[in-house]
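What follows is a pair of complexes built around subunit A, which joins subunit B in one and subunit C in the other.
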Partner chain A sequence: MTELTEEKVIDSADGKVWSQGFIKGMTEEGEQLSEINPESGPLGGSAVKAHSHGDSHGGGIGIPDSSRAGRLTSYKLADFPLITGREEDWRFTPLKRLRGLDRVGVKGQELNGAAPAVEATGPDAVTVETVGRDDARIGSAGIPEDRVAAAAWEHFKEATVVTLPAEYAGTVEDVTTLTLTGSGETPAAAHILVHAKKFATGIVVLDHRGTAVLSENVEILVEDGANLTVVSIQDWNDDAVHASAQHIKVGRDAKVKHVVVNLGGNLLRTTPSARYSGPGGDVEMYGLYFADAGQHLEQRLFVDHSTKNCKSRVTYKGALQGDGAHAVWIGDVLIRKEAEGTDTYELNRNLILTQGARADSVPNLEIETGMIEGAGHASATGRFDDEQLFYLQSRGIAEDVARRLVVRGFLNEVIQHIKVPALEERLRDAVERELAASA
Partner chain B sequence: MTDQLAQDVRANDVVEDATNHDILQRNPELEGLGNYAFGWSDKNATSDNARRGLSEEVVRDISAKKNEPQWMLDMRLKGLKYFDRKPMPTWGADLSGIDFDNIKYFVRSTEKQAGSWEELPEDIRNTYEKLGIPEAERNRLVGGVTAQYESEVVYHQIREDLEAQGVIFTDTDTALREYPEIFQEYFGTMIPVGDNKFASLNTAVWSGGSFVYVPPGVHVEIPLQAYFRINTENMGQFERTLIIADEGSYVHYIEGCTAPIYTSDSLHSAVVEIVVKKNARVRYTTIQNWSNNVYNLVTKRAIAHEGATMEWVDGNIGSKVTMKYPAVYLVGEHAKGETLSVAFAGEGQHQDTGSKMVHIAPNTQSSIISKSVARGGGRSAYRGLVQIREGATHSANTVRCDALLVDNISRSDTYPYVDVREDDVSMGHEATVSKVSAEQLFYLQSRGMPEDEAMAMIVRGFIEPIAKELPMEYALELNRLIELQMEGAVG
Partner chain C sequence: MSTLEIKDLHVSIETEQGVKPILKGVSLTINTGETHAIMGPNGSGKSTLASTIAGHPRYTVDSGSITLDGEDVLAMTVDQRARAGLFLAMQYPVEIPGVTMTNFLRTAKTAIDGEAPKLRTWTKDVKAAMAQLRIEPEFAERNVNEGFSGGEKKRHEILQLELLRPKFAVLDETDSGLDVDALKVVAEGVNRAIDAGGLGTMLITHYTRILRYIKPDFVHVFVDGNIAEQGGPELADRLEDEGYDRFLTVAPATA
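And then the complex of A and B:
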């Protein structure tokens, strides 16, 4: 392979400006694909090199970094190269706005702020404990897949462990809620483990509020035959920055419903991943987001089908309004060779309400065996359906009311799947609030 | 047609190894086993001693041999600089098998171009006979043939009526000499010199390719065809194609590739640039069937102006690795872009194909339809980018990709990127991956059809929406190729 050099600018031999005649947005070097992080330069840095040589822990030679099978995982921060912004994983994230979460360990950047205060409510049978770093259960469901999550893993001081005892049978009214209230802008790390033991049924809600610059790992361990619903709500103050890696491990014949609700905050990056530890697992992942002016809401999912006869369904829907509102949805599904009988479908829908908003939607599907039940994905981004609007207006409904009805109907499709009555009401109100703010 | 070719191959004493030849004669049933239909090679005195490896000297040498103007030499040298500096792609297929130092960058097969069929040297003529070109020529099925043999275009003919209409159809080297103004105006504007590593490489060492200019309002009724062949071991083929369709014109260009089998890897890295001016329409059809040792890394890009339509029909059957994403930049209002893509990945093959649609002007439309089949451990991927830039209001795009898997060792991936910066657009993407169902097979078998035939029929049905867009000869060839690929797919 030709040796790479770091030199970025090539002087034109005759000083002629070659950009003339090019397509708008194109230079002599083609297009800048990571325009969100323009300062990272066209030739990339260490990240490009590290991958092009197929380092030992990441994929070997021949597994490009766009394949999820080759993604580096490690508990150690030092194993991850610095983020340049050109990596597939980071290319949409405005690194400058991460407020240092990406640079922990570099130039004295620390991650030692106070983790959000945790307040728990819910049925007595479900235990909520605060444990130290050395607790044996930590790490039973997840392993960091990016530098930010690894930094959080290395720096968290205490973890909160929620345990649903074996054969516990909660109803839709028995909701365990952890309210995590952030109170500072010092970069902080947090760790949560939700553990549903064998054949337990229950609902756990993680409710993030306040102000924080937070990097968080959430482990969700679902043992054989359990049926767990986890709802993670991010409704921070406007200036919050939150990176949340949520690792789900699904046991044999277990069922998980995972819901992400991203509403408030300056930059939210939620990266749920689901892995199966036995056949018959069933994962439903729902997402709801509403991006306002200046907000960056990023959702990156990964479903790793590594055992037989598992099922996954992903449905994310989002609305965007205002200048600079940016939503990113990446849905990676990997069906490994041994995962015969897999049944998977992913769906993402974006509704752009005003000009200046931007939605990126990438459903990736990698399949290594043909012996599957079915696999597919769909992604669509659009604006209001003018005809729907016209119809409603022709029935005497004012335009703003009609718009609100359409958005409500659009997002309701996700809300109604949560099936936690107390939450549904709250989310409907939140959507109303967001809509009212725009009017 | 392919049958005929295969027989020709046998008849023509092309198996160079005498021992092999004898064995085959005694055991005719061995013939065709794992054999690539177009896998003969002619002895070629010139290319045996062509220089391997790439350096500034090689680039200067190519340019000097062609008597090129200074600006082209500068461009080539700049391409070389970028090639040295640009990283290899960190995504897509495994390219670690390419040895840039072991490739012949320029091979000249005959000193001057031949004006008619009879003037061609006999061995080159033989090669083309096997590909069936003279037949096509005689039957006037093609508008003009630019056949590429070892980097230089050695034969071409434009039908008189095309010439009368003012259509220019020539090889790219001739175009640089004879139409310098129009050439310099468009060359490298759609695909800049430093666009990517392989486009830079092509800019540095390009040779051959087709140049088409269609004057305003002219409709070229018959498809323009070009055959390409790589005929030298380890030889990279770096053709450069430039098509300009002036206002209100129409042209259908067909590129077809077959290459002989060799033991070590070959590199094919072409650049195709197309300008579709106001209200013009261009269709570009490729059926790529390189032999299974070729790295096929191609950059194809078109720019569609107001009301223009660009259509890519892209078939990828052969090669070891293909990375190809034909693009349309929709820069004028009401421009349309369309890609129909079919990929077939058999044993040892990786087809990483797709398309790119960039909406820059309002009211633009694009659609991508991709069908892929993977079998025998092959890997097929759809990789696409749809971008709606600021200002491209009321744009619409749909992407539909379907993949068919026929066994449990093959792999199929879908990576559709979507980037939307406007609110009043409509975007849709849908993908399905399915296996050949036991019911379908059972039904066909119960009608007395053997399993492999049933399988081939299902696959043909799967790609039918694209096959029907091809000219008749190509559709037949595609079906035949699919059948060849599916042989032994079952059991």
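And then the complex of A and C:
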């Protein structure tokens, strides 16, 4: 049952106060109708309880410990202090379940497992190479921002480089897919670079499967005028642990669509960041996650507006079900002083399907100049509650169909933005599977 | 011809203060083609009756029965009741994020009929019904009740009534919160559904205003969980003049 409360209602006709146990949204007072229905709506009332803005762990309401601009970045593991779990950056992550990825170099903790096996398919024009650590292109799009990513950077043996040649014009059918199959439970490091040269257009999918304890850096280098879509799917086995730092560098007038799909794994921590190297860049970041019982799915984003007239749009949506299902979404957006004409909006929505699941959603917007086009954010965590179920059932729709209808609709909003037909189908199926697993 | 029969119905809810009886022996029979107005002051149990018929889990039926053509309604799940031909137009329709009206209406129609409606005629029917209720076409692509005003929500309830074509419709204060223009649109919709035939209607209302537009065959006055008086349309006229005061002095509503 949904939480139900007794509320006192003042009868406007005679001023008498009476009380009646009632269902939210089913009182007798017409006057209480409101457009948004803040109590029983999906974004209000009890739903808010499942949503937190910073709590006793540190930080303030929506305010990070310090400006995101001041965060340490380094390729060297030794530059990063040990993680205690009290840092703003780590306060939601259950460190014990990271299986040592956070303690590389401490008490003999190694990161030397075999990296996932990479299998590539796609159009001939797009090259996929395996290169050594000393390849000049490594490091061209990113730099680690936390200890786990730095450990991966120090320890990876070989990198996979995907290159879309200059002016390559791929269609939605020309999808380059890297299937990364985990090779076991020994902590491992991996490195991937996706490079779209000038005016290249194309789609690259990173499809993570199998079992792994993996720390990964993904560099996404998008040169001037290029138009690149990168979809990173984490559909691991239930026992997998995966930290993935995805560094996006956006060239002048380049367009990037970055999609994170977090479905399978015990603990997934995906940290995409986007930086602009020239004006006119346009970044769309989409995320879709479905947390089941016991899963921790963490998404931490950063968009660093450091040049003029760039645009960013962030839309992450997640469904949660089952005991101990936990989703974390942190959206940091920084508009630096020199980033005049910035246009940014970020949105996170969570749909909690059962008791016992928890979503933390924290948008952070730092603005250092007033000369911008627009900046905004929205975050809401709603509950699929018994009133919604009752409504749908009262129209003849059976319970399981009703539940599917709601979740499908909710997540479809993200799926339909991916615009890669082959993938949309698969993701819809994946959502169906997640739902079926709950029934 | 169908019959919805409510016999000696006792219903309670659980509150923090314990179990609270709300309906105390309601008996009422509605046949196809009849329109019954259920009137009464706040807290008299009108909405409880509506929700109990639809099967809301909040309400516990302690004794009595509800049958539809002899079938035990109380033994059915909420969706089974709807498929059996019962429809509740809700007082406060909830918002369903992520589900468009189009998708919702088609899914409901498919569930009720047991087969998907023929796409072409269905789309035409929906469009026509929306136009008659002065619902803008763009609402078809909006999520169910999301961001709808009070009046828009009520018109969508009647839209569903017209499209799903139940055997019995329970309208739970469909008139409350509506201005007179919206009320007329909604009343026209209900009258169309009644005139289309095959429908029995239970019209729950606090006010007599809607009865100027929808003519009841029978009027029942609810006070403190029971029917205090019943009669024909003339009873509504009397209530319009006198209000509920004479009932309240006899049997005060629970405070």
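Operating definition for what follows: the second predicted complex is superposed on the first by the 367 of 439 C-alpha atoms of A that agree within 3 Å, B and C clash if a C-alpha of one lies under 4 Å from a C-alpha of the other, contacts with A are read in each partner's own complex, and residues count from 1 in each chain.
We adopt the following convention: contacts are C-beta pairs under 8 Å (C-beta built on N, C-alpha and C of every residue); 3 or more make two chains touch, one makes a residue touch a chain.
Computed from a predicted model, the values in this text were never measured in an experiment.
Of the two partner chains, subunit C is the only one touched by A:413; subunit B is not.
Contacts of A:405 after superposition: subunit C is touched, whereas subunit B is not reached. By the touch criterion stated above, A:283 is placed in contact with neither subunit B nor subunit C. By the touch criterion stated above, A:189 is placed in contact with neither subunit B nor subunit C.
With both structures placed on the common chain, the touch criterion links A:228 to neither subunit B nor subunit C. Look at A:382: by the touch rule set out above, it reaches both subunit B and subunit C. Looking at the shared chain after the overlay, A:353 reaches subunit B, while subunit C stays out of its contact range. Which of subunit B and subunit C touches more residues of subunit A is settled by the count: it is B. In the superposition on chain A, A:395 contacts subunit C only, with no contact to subunit B.
Judged by the touch definition given at the top, the superposed model places A:314 against neither subunit B nor subunit C. Taken together, the two complexes place residues 1, 4, 18, 21, 23, 25-30, 382 of subunit A in contact with subunit B and also with subunit C. Of all residues in subunit B, those touching subunit A in their complex are 74, 77-78, 81-94, 96, 100, 185, 189-196, 199, 303, 329, 331, 358, 360, 374, 389, 403, 405-436. Listing the residues of subunit C that touch subunit A in their complex gives 13-17, 20, 42-43, 46-47, 51, 54-58, 77-79, 81-83, 87-88, 90-100, 103-104, 107-108, 111-112, 143-144, 147-150, 153, 160, 164, 173, 176-178, 206, 253-255.
Taken together, the subunit A residues at the contact with subunit C in this complex read 1, 4, 6, 9, 11, 16-18, 20-21, 23, 25-31, 33-37, 40-42, 349, 351, 382, 386-388, 390-399, 401-402, 405-413.
Put simply, subunit A touches subunit B in their complex at residues 1-2, 4-5, 7, 10, 12-14, 18, 21-30, 43-44, 48-49, 51-52, 61-67, 88, 320, 337, 340, 350, 352-372, 374-383.
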